[in-house]
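Multiple structures follow.
In the two complexes below, chain A is the common chain; its partner is chain B in one and chain C in the other.
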Partner chain A sequence: MVLFASQSEFFLTERNLVTILRNSVDLAVICAGMTIVIILGGIDVSVGGILAVSAVIIGRAYQAGLPDILVAPIGIATGAALGAFNGLLIARTRVPPIVATLGTMYIFIAFLFLFIGGTWISGLPNTLSFLVLGDVYGIPAGVFVIGAVYAVAWALLRRMPWGRRVIAVGSDEGAARLVGIPVNRTKIEAFAFLGLLAGIAAVLYVARLRNVEVNIGTNIALEAIAATILGGANIRGGVGSLAGALLGVLFIKVTQNGLVLSGVSSLWETVVIGGLLLVVLVLDAVEKRGAG
Partner chain B sequence: MTDPLTQRMVFLLSVWAAVILLSIALSPHFLQGSTLSYLLQYVPIIGVLGIAQTVVMLSGGPGIDLSVGAVMSLTGLAIAGLFAAGMPLVLACLAGLLLGAALGAINAVLICVLNVPSLMATLATMFTYGGLALALTGGSPIGGLPDWFAVLAQGRVLGIPNHLWLIFAPIAAALHVILSHTITGAHIYASGNDETAAYLSGVQVAALRFRLYVLSGCLSSVAAIMTLSWFQTARPDAGQGMELLSVTVAVLGGSHIFGGIGRISGTVVAVLIVTTLQAGLQLANISQAWQLGAMGVLLIGSVIADDMVRDRLRGRLAGLA
Partner chain C sequence: MKRSVLLAGAFGIVIASGAWAQTDTTQVAFIPQIAGIPYYVAMRAGAERAAEELGVEYVQEGPVSTNAADQLRIFESFVTQGFDVIAISPLDEESLKPAIARAREQGIIVLTSDADAPNSERQFFVAQALDQDLGYTLLDETVKLVGDSGKIAIVSDSPTIQSMQNWIAAIQERAETSYPKIEIVSVDHTDGTAARAYQFATDAMTRNPDLKAVLGMASTTCPGIAQAVEAAGAIGEVVSAGYCSPNTARDYIKSGAMPFSVLWNPADLGYLTVWVADHLADGGEIADDLEVPGLEAPVRYLPEDGILLLGPPAVFTPANVDDYDF
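== the complex of A and B ==
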């Protein structure tokens, strides 16, 4: 942060910080679900595809003249349904989550192309953009959206029996099964929850940008995984932190923003995120070695 | 016919036959010579990457290398860049192979020394290597390779491209022999089946896997060299999507994602299935979308089918005991 602040006097202005926040909303919302799925011992590389398909359906629904009150639930339901499909596939067929979601990623992208036909959907209404761009009593609205999503996710994970089940499945699936936890149902529910959040992210995305591009959501799965791992989640399952994931999101978005303001080509973004992820993985491994 | 692995091979060959028939039905142009030549030029590239993925998966861990495509892009650019800077092309290719090995060694250190799960480690390096390929070139391709270099992938003997004769076939054959007829091969299968048992019987599991990740990096740069010779330019996104394709091919060919089961021959037939399907759909003017969708269904379907094979294999072993 200090480094970027010294590179550009614009970095620490209020306007820039609000911009960073607005750009982080979609990723932050998705990361809440990704954290839960990773705690469960799963992973979902298809969230970008879910986001994309939901966004296209939202765009098409707007074009069909449906009002916000119908469009937003349709988008969110689409996300939840696609997430549940992932969960069902993983729970029923024992296909490892990484492979299953790689496969569904292809399938979702295929749907995206079919619906969108290679062109942008643009000029969508801005009636919902207050959710991201507006502010309440001087506080950007995005803060409330992120706050609400994380409050729900936190309550589910830490204050409900369901969260205990997720942690149990992620820590030791066999043991969880033996003590009578409905492992398959928990998996389906966790993936569906992530899908639902991807649907919400799609609503926010459309609200913010008012268009749907062909390459929507291409990097978001990897960014979400990186943020979650940066935030202290263990990729082997059982351990993870919602607050940590949120910090991870901020870290990634601040880095991206800082690079742009420092005049570094945006092409370096991927290198930096990948490099950060590598550093975290190495630190984590070295720490474990020291402990062992 | 009762051997599950033989059944798998019969299954794969039938799928291939079905895909060929489907392609002929979809497009009358499929049987023309140009399709075949395109297929044969494409096969060695996916084939080499698929073989790299197969070997990494076989050794278990669970092992996967998601960085193959990114290594391919980066080494391709390095070779073209070094040549543009005045290095003789053959030396540049050797340097590319070394770079591939070095990138593979970074993966190997992360996975085998630091014990980072292979999925996470290679996801991170895929990002980093792929990002470097784009960032260092500003996204633009490097061209200017000499015409004689095209002989490798565009020249042919008896209608079959040289790189299939000279690179793909020898590599596939050598690895097939290593896997099925040498102690190293037996050690690879042993590590994949039960790493503790393998370790206790004296197999240096970590060192073995280390070498396989380095090999995977090398093979990815071999794929880069063949692509360079085919297209005469190095594109920063040359390997994009190849990681998924190589995993699809390995799994479809019968390699188990958690190791211990798989054959080079299966992977080779799977490469034929995938390339035939792609060429067939392309010729039938079926949109990119359906091609991607078909690949997704193929990937998931093949894992489910593979699981069933493994179950039967387990059942048979239990029956023997």
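== the complex of A and C ==
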């Protein structure tokens, strides 16, 4: 951040920081759920597909003339249902989560094409835009949205018995089963929670950009996984941090923004993010070897 | 068990494709750069109209993301199915070159349409408009609004899409030769989502507070850059414009965030592609400009590059945008 601030006089302006925040909201919301799923020892590469399907349903609901008060819950419920489907698949079939969600991602994306029949949904109402673009007493509304989501996620993970079950399953699934933890139910609930957050992200995405394009959600799953791991989550499960994930999101969005403001070609941003991800994983592995 | 299911599936596909190849009517396939965007849906409408009038069979299938490997796979599947004519809007010339050469060896007529692969063995390029005309028109129209000096940012889709690289080059060339005080400050490439286009446009405005215009190279970038201008409250200060379909740009053309958009009529392009395909499949030759029934302007033939040119670019403004639906 210091580097970007020194390279561009515009980086640390209030307006630019608000811009970064607005662009981070959907990714940040998804990352709260991704952190929980990764702590559980799972992973979900289909969140982009869940976001896309929810966004399409939201777009169609708007086009059918439904009001915000119905549209937003429909979108969120769609996300939760698709997430629960992922969880059910993983819990019942014992298929590794990365493979199961890879499969469902293809299905969700196909559904997107079949359902919107090759046209973009555009010109949607902007009645919910204030959730991302507005502000309350000078504080950007996105702060409250992110704050609320992370408060709920933190309470679930650190203050409820459910959170301890998630950590137990992620640390040692066999042991968790032996002590009578409902492993399957916990998995379904965690994936459903991530799906629900993807549904919320879809509401926010449509509110901000007012259209649903066929490429919607393209890179968001990878960005979410990268942010969560940059934030200190262990991909093998058991360990993870919500605050860390939020920092990971900020890191990715600040890199994207800062490189552009510094006049560096945007093609470098994926190199920077990918490189740092590898550094984190290698350091983690070296540390493990040292300890073991 | 699993293997026998797979074998049965593969067998079914082979039978289905075999039956496909046995019909007598001319079969024309077109592979767009991506399935499902309104632009190619409009192109299909024009192509299907021509197919019906000329009695040919038309199939259009494209990759679900702008992925060159997927596009190549689709191309090869049409070759395997024995289509008479395959037209393609290439994402990546290099990966397609050997496949196009092999298709020609099998006697398949290969056209490029919508975008070109000039160094491949394609027979003709059915062009909507010359890249140079498009680049010049977009910058000329922008200059009419913002004056002949100032900063302009460009937001494009994937850098592997040759036609967009050509448009960017044409815009840069026009700026250097005709408007020396226009400065192209950045060229950024999105992953095809509106969110990334929005991000790049906003960042460009932040970095250059005196930015005059943001130009989008693809319909995928248009809602994002226009939204960025609207959200920044910069309507009237920053012009967004680009190669945007009327449907994706309509709201913003009317709001003033995107005062105009430059493109052509893709339905006419689809019509011309099928017409040329049918003409060549029937043994016809092309040696001169063409009068194509069903198209208003005559089609120009540029023999040195093997290009068939639909006509001059169209400019969509608040006055005419409602006449188009794609």
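One rule holds for everything that comes next: the second predicted complex is superposed on the first by the 292 of 292 C-alpha atoms of A that agree within 3 Å, B and C clash if a C-alpha of one lies under 4 Å from a C-alpha of the other, contacts with A are read in each partner's own complex, and residues count from 1 in each chain.
The rule is simple: contacts are C-beta pairs under 8 Å (C-beta built on N, C-alpha and C of every residue); 3 or more make two chains touch, one makes a residue touch a chain.
Just so you know, these numbers come straight off a predicted model, no measurement behind them.
**Q** Clash or fit: chain B against chain C, after overlaying the two structures on chain A?
**A** Clash - chain B and chain C, as placed by superposing on chain A, overlap.
**Q** For A:F113, using the defined touch cut-off, is the partner it touches chain B, chain C, both, or neither? Pick first, second, both or neither.
**A** It touches chain B and chain C both.
**Q** Quick one: classify A:I229 as touching chain B (first), chain C (second), both or neither.
**A** In the superposition, A:I229 contacts chain B only.
**Q** Now for A:L89: first (chain B), second (chain C), both, or neither, which partner does it touch?
**A** In the superposed model, A:L89 contacts chain B only, not chain C.
**Q** Contact-wise, after the overlay, does A:L267 reach chain B, chain C, both or neither (first, second, both, neither)?
**A** Both partners, chain B and chain C.
**Q** Which residues would you name on chain A as touching chain B in one complex and chain C in the other?
**A** 109-110, 113, 265, 267
**Q** Could you list, by residue number, the parts of chain A that touch chain C in their complex?
**A** 8, 10, 13, 15-16, 19, 23, 26, 109-110, 113, 116, 118-120, 122-123, 133, 205, 208-211, 213-219, 256-257, 260-261, 263, 265-267
**Q** In their complex, what parts of chain A are in touch with chain B?
**A** 43, 89, 93-96, 98-100, 102-107, 109-114, 222, 225-226, 229, 235-236, 265, 267-275, 277-278, 281-282, 284-286, 288-289
**Q** Sort out for me which residues of chain C touch chain A in the complex.
**A** Listed in rising order, the residues of chain C that touch chain A are 34-38, 40-41, 64-65, 159, 186, 188-189, 191-195, 198-200, 202-204, 206-207, 209, 220, 223-224, 227, 231, 247-248, 250-251.
**Q** Can you tell me which positions in chain B touch chain A when the two form their complex?
**A** 62, 64, 110, 114-117, 119-121, 123-132, 134-135, 138-139, 244, 247, 251, 257-258, 287-293, 295-297, 299-300, 303-304, 307
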